[in-house]
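Some structures to go through are shown next.
You will see subunit A twice below: alongside subunit B first, and alongside subunit C after that.
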Partner chain A sequence: MNLEFKKSIAWMRENLFSSIPSSILTVATSFFVLGFFRGLFGFAMASDKDWLSVLNNMQLYMVQAYPEEDFIRVWISVGLALVFAGMSIGLWKSTEESSLSEVFSKFLRVSLAFLFFTVVAPTFSSVTDNDGIIQTEESFPMETRLQLLIPSAILVVVFFVLKNLKLNYKFNKSDLLCFYLAIPIVLMWIIKLPTIQLDSSNQRIFPDPLMPIADTTKTPWTIIFGLFLAFYFIGSRFKDSKNIKRTMSISWVLLPLFIFSWIFKKPEIDLPTILGQDIPIFIGIFLIGALTITFINNPVVEKYFSIYLGVLIAITGIALFISVPILLKSALLLLVLFTIVIPAVSSSTKGKRNLIIVWGVSLFTLSVLIRGGSSDTQIIVQQQSIFGGFSLTWLLAIFGTYVSFPLGVLLALGRNSKLPIVRLVCTGIIELTRSVPYITWLFFASVTMAVFLPEGVNFELVVRVLMVTAFFSGAYFAENIRGGLQSIPKGQYEAADAIGMSPFQKTSLIVMPQALRAIIPTLVSSAITAFKDSSLVTIIGLIDFLTIGKVIIGTQSIPVNFVGHDRENLLFIAFFYWIFTFTLSRRSMKVEKRLGLGER
Partner chain B sequence: MSKKAIVSLLILSMIAVACATEEAVEEVAVEEEHDHSDESTLDEVIERGFLKCGISTGATGFSEQADDGSFGGFDVDFCYAVAAAVFGDYSKVEFKQLTSAERFTSLAAGEVDVLFRNTTWTQSRDTELGNDFGPTTYFDGQQLLGRKADGITESSTLADIDGLRVCTNAGTTTEKNITEGAGLAGATIELVTVEAFAEAVDKFIAGECDIITTDGSALVGRRAVNDALNDWVIFPTSPISKEPLGPTYRSNDSEWADVVNWTVYATIIADEYGVTSANVDSVDTDALPELGRLFGANDGELQTKMGLSADAFYNVIKQVGNYDQIYSRNLNPLGLFREGGANDRWTNGGLIYAPPAR
Partner chain C sequence: MSIIKTNDVKKWFGDFQALKGISMEVQEGEVLVICGPSGSGKSTFIRCINRLEQHQEGEIIVDGIELTNDLKNIEAIRSEVGMVFQSFNLFPHLTVLQNVTLAPIWVRKKSRSESEEKAMELLTRVGIPEQASKFPGQLSGGQQQRVAIARALAMEPKIMLFDEPTSALDPEMIKEVLDAMKELALSGMTMIVVTHEMGFAKEVADRVMLFDEGLMVEENTPTEFFDNPQNDRTKLFLSQIL
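Take a look at the complex of A and B:
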């Protein structure tokens, strides 16, 4: 204990107070940081803040007007994502372990932070009264501080002792993660929160009584956590199976699409359309693809393959702009993409069989998703879209990244292409999209796009916004990826050529993996930007997470009056966005570490 | 050879696509023209099965969204009333929350059928922008709000704000009104514009501006919420501008205009007779023939000729309420009362007046 104390003194002398300028810097910075925290606490605890305006509107924040009788769908969506997460954590179970004393040192750090904040929190905060005079009021009285201080001090001591017992029981890091996640679930059953209660004449009763968290919130979370644990154990059972891992990765990609097009949306399914339209299209397109795969090595087919491909591209191009079922359009598009790669991948009989299976499964998945996505929803909301609040932000962020990333890869490759037309078109798309502000594109989606679409095609506003978002962030992704492509030494291309790789193999096996690896930080920052930029949709009348807090809650007078409580909501929103972006950037740093980036 | 073939095919396909799109665009244009000229919005709404109503993203007392996602407010209630008149079911309405920047574009593009979005009826909006305005549902006017501590009283005028910092939201008529008014009164002001009114109030409370100005209804509401009846003063007593707020629809569609207008009038007439949603079933329609005609007690041909069902306005009163009910339910809690103001009944000296139902 004494040694550790000396160690920390030595560390401080070496790192914080090594010279006079460094000491001054240390003191000044800690002064600023402290002042910032004190200001933030003072702001949050002042008596004119009503934090219940945040808590009471959680439902509005998350799903806006999604009807309560269909909430099971929201829970299923969240549950599926967490079940997948549990399964993945199990499958890719960490081999690292930490000892019990390391766990206690983590707890010690948390309780130390809590103790620190309790100590530095200001007793007084300033409130401007109606005459415009700044008053100070006691917002954090000594009794409250002591009530918090004593338990946290006890916790600090307990954890400090426990940590220094040097208990050496080892725990798996993934097991520990599940344990940490259990803490908020348990807390949910223990803590009580102030709740708004109205009397018979709809007047709010003060003070707000402390009530346990509603069963409709904690029960689903508990069930989901139980499933999470169950799938974690299932996953860890199968952690050696490569096939399950691969299926899991693909499922992750498909999960949000499935959630948004089927679970959350509750599409109206019309059996005659499926039988009379979807199934024939599926069978027809599937057969074309399967036949091409089977006979690709036939000399006659080989001879006319490029013409066949050209005709296919032409048909697809035309089909995109005439009034045919959207499933046909997208299936043709997929067929073209598949046909381009067929000569490169299918040579052996086994390879062909596998490719046919992959082709069938992906076409089927596409058909299912398109059916759900293009059908009308059965959910009845009194507003334009069933997406609102966080569900809209999430939709825009996920789809923005999902669609724009592959698009960005294609555009970047196209811009580096040797074919002048492809290069010209790709450069044109990139430059046109990038040179116009995002807000202008949003207005284009909202007002102008209807004129450009063919007759009978009328997308929902959200879909139109998704389209322009995909192109907009796609253009940025493309330029990032192009930067990555340029970082690949010429020798890599030449080496791939030397061993006789086809252009497709060269790109997918040699160039792209290296290019993407080099630009992970830029890609993540693009994704973060896309996530935050989604709040701009508010100007065309879509209500995202930010708009709920900024506009809607600040004007509520019925049933509870929250007029003017916009600042605490803005603070909450900032915190919420920060959690997501921070998690994302931490995860990406871990990925970078694993890939050994920056060690070249 | 093969590459050339692909390239030429690509070019060919692009030409084909270009032709196809051109044709499609032309067709769309023709189709749209057709839509707007021949079919009345009323037929469109009935065919669609629900009303698309444009409201504000957030205006206290006028259009609000509650914590469970449901809508309420003075403007929202009139949307409900129109839906009740057309479908006999007030809930058949889809709200579109519009910012002030896009409300008219949205209306012109046919994305909403009617705007109840505290929109001021002005000459240019009526004539140039292709809108028509219905009967005013709320007579508002721009006023200013200051502190008693700064020496502002209820009898203060625009001349008294000389040298003060005035906050208002940018790009609205309020900004223009205050600059014009202060200029005429010979007062030099420092104008601070913010994006939303809530921000202006925050700045006012923080002392970053001495005066805020916007429509009187919003000022009264905020003063009540902040519990500042004794500290904050709203002046001048007669507003510096006229802001008649009411429904807006696309011009030259009198069939639809009639439906919207007479829905508003029906709530006003019911209020004149003191008929509320509670007592509408016990109205003696023989003794009160105007109500009999309005509620379709006899043959209801006044309504059927408009393309509505005979009991359309009975449904409005039964399901939504009369003007007074709509007003007091939404605006009384904010400290806005009808008595003695412009929004009182015409018999009490107000401006709320409806033509007779005959």
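Take a look at the complex of A and C:
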């Protein structure tokens, strides 16, 4: 103990107080950091904060006006995602271990921080009211402080003792993660929370009675967690898991598509249209693409390729402005994009076969999305849109990345292409999209896009927003990826050429892996930006996570009056966003580490 | 019979003419060393042989196939011709073993196990089987260059091109690479080597050529080339380099 203490003194002297400027920096930084957290803690714990305004509206936050009889769809989607997560954590099980005393010391640190801030939290705080007048009020009275002080002091003592028992049982880090996740699930069944109850005349009963958490919340979560655990164990039991891992990765890619159709749609399947229109279009366009891929190296085809591409672009351009099914228009557009990149990626037989598979899958995905997006849904809600709250935020973030990333890769490759038409088209798309602000595009989606759509086709506002988001962040992804491509030395291309690789192999095995690896930090920050920028959709009347907290709850007076309680909601929203972005950036740091970036 | 035949090959970079008409032949199993001052077109010339550079005039015939814009021909020739670069150009995101097996698996469509077996054999041949699971960044320059040789050999080429393979190496590492190349030459491989290592040329080459300003100024056996140079330019070059 004494030695440990001396060690930490030495560490501090070396790292925090090594010179006068660094001492000043240390003191100043700790002053600001402590001040910030002290204020935050006082704010959060103050007795005038009605945290029930957050808790009571959790359903609103998550799914907004989604009809209750269809909640099972949401639960199944969440469950599926967590089952996949469990399976993946099991498959890619961590090999690191940490001992019990390390775990306790982590808990000790948390409870120490809690104790510390309970002691130093300000008693009085300044509040700006709605008229802009700053008032000082007693926000953290002595009784509240004492109520918190005693349990946190007990926790500190308990964990301190447990830590110093020096229990050296080792636990796998992935197992520990499951254990941590189990804590809230178990707590759900034990704790009672103050719950808002209304009496017969619809008046709120004070004080709020303590009630157990509703069965409709804790039962599904428990079942889902059980499945998560089960699949975690299944995943970790696989010995030779290469193929399973590959299947899992593909499943992750397909998952959003499934969840999208599952939450969004109880589609009215219009069989005659599908059989008589969609399937012929799919087969026709697929065959054109497949034939182009197959015969691209034929000398005759090669010679007239530019003319062929020109004709294709012209046909697509005309098709966009005449009355043909929307599926045909978008399939043609995809065909043009694909034809543009074919010469760059296909020449060997195997490369061609892979490319035909990619072509088929992307055309199929597009067809399903278009048909799904434009058909009527049987899920009926009062509002104009069935999406709201965190589901909407999440959908925009996931789909923004899901559709825009492949688009970005294609655009980046196209912009680097040797064919002038291709380069022109791709550069045009990128520059046009990037040079207009995102909000303008959102207005385009909500107001103008209908003009460009054929008669009778009417996408939901959400789908239109997804379309512009895909292009907007696709353009940014494209520029990031292009930066990555430029960082690949010329020698890599030459070496790949010299061992006889086809352009497709060169791109997919040598260039892209290195380019993407080099820009992982940028890609992640793009994804985070897309996640946060999704809150801008409030401007065109969609109700996202932030809007619910700031606007809806802050002005809610029926059945419970939460008017003016938007500050605690904003804090909650900030915390919620932070959890997701922080997890994402930590994950990406792990990936970077595993790929050995910066060590080459 | 000649495995490489070039006829009046000319190449321009913009206005600058890098090759001013090179005609030569290489027999099967022959080791040809090309030397010359920098900017003389020697690297450009051997890069034309596997189409890393495109010649504008003249013809190049490799193993009976003429190099044209036809992608099939280019790929066919590239899988017959291995190349080792001055800056190694290993793939940094793949292990040494993956570097060597990449081409057999994807280009030659061989099975993974067969390719790995062959790769280990080649790595043993160049003397670094124990480094198979490391990444290129963890190896010394000499080791990297030997991996590059193994990678080129994994395609079982008929011809090997070396573009200044030792120029980027520390002096003490040059020997290990040259030893690997000597061993390769003795095994009967057809090789074209662009190098300044005159010791290697004397010891291993069947023929030595001197390039200057895009022209081949002298072509001779090593003994004649070094002991009895015909051209004044060769004499000057040798006096500066030896």
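Miscellaneous remarks
What we mean here is this: the second predicted complex is superposed on the first by the 451 of 600 C-alpha atoms of A that agree within 3 Å, B and C clash if a C-alpha of one lies under 4 Å from a C-alpha of the other, contacts with A are read in each partner's own complex, and residues count from 1 in each chain.
In this section, a contact is a pair of C-beta atoms (placed from the backbone, for glycine too) under 8 Å apart; a residue touches a chain by one contact, two chains touch by 3 or more.
Note that the coordinates shown come from a computational prediction; the quantities given were computed from them, not determined experimentally.
The partner of subunit A that touches more of its residues, comparing subunit B with subunit C, is B. Of the two partner chains, subunit B is the only one that A:Leu320 touches; subunit C does not reach it.
Look at A:Asp131: by the touch rule set out above, it reaches subunit B but stays clear of subunit C.
By the document's definition of touching, of the two partners only subunit B reaches A:Ser446; subunit C does not.
Within the superposed three-chain model, A:Ala498 lies in touch with subunit C and out of touch with subunit B [touch as defined at top].
In the superposition on chain A, A:Asn243 contacts neither subunit B nor subunit C. Common to the subunit B-facing and subunit C-facing surfaces of subunit A is no residue whatsoever.
Contacts from subunit C toward subunit A in the complex involve residues 50-52, 70-72, 75, 78-79, 81-83, 85, 87, 89-93, 102-103, 106-107, 109, 135, 137, 151-152, 155.
Those residues of subunit B that touch subunit A in the shared complex are 2-3, 5-7, 9-14, 16-17, 20-21, 24-25, 27-29, 31, 57-61, 64-73, 91, 93-99, 101-102, 105-106, 109, 147-150, 196, 198, 201-202, 205-207, 221-222, 225-228, 231-232, 330, 333-334. Contact residues of subunit A toward subunit B in the complex are 56-57, 59-60, 63-68, 128-134, 306-307, 309-311, 313-314, 317-318, 320-323, 381-384, 388, 419, 421, 446-447, 450-455, 538-541, 543, 547, 550-552, 554-561, 563-564, 566-567. Those residues of subunit A that touch subunit C in the complex are listed here as 297, 299, 347-348, 350, 489, 491-492, 494-502, 505, 509-510, 513-514, 517, 595-596, 599-600.
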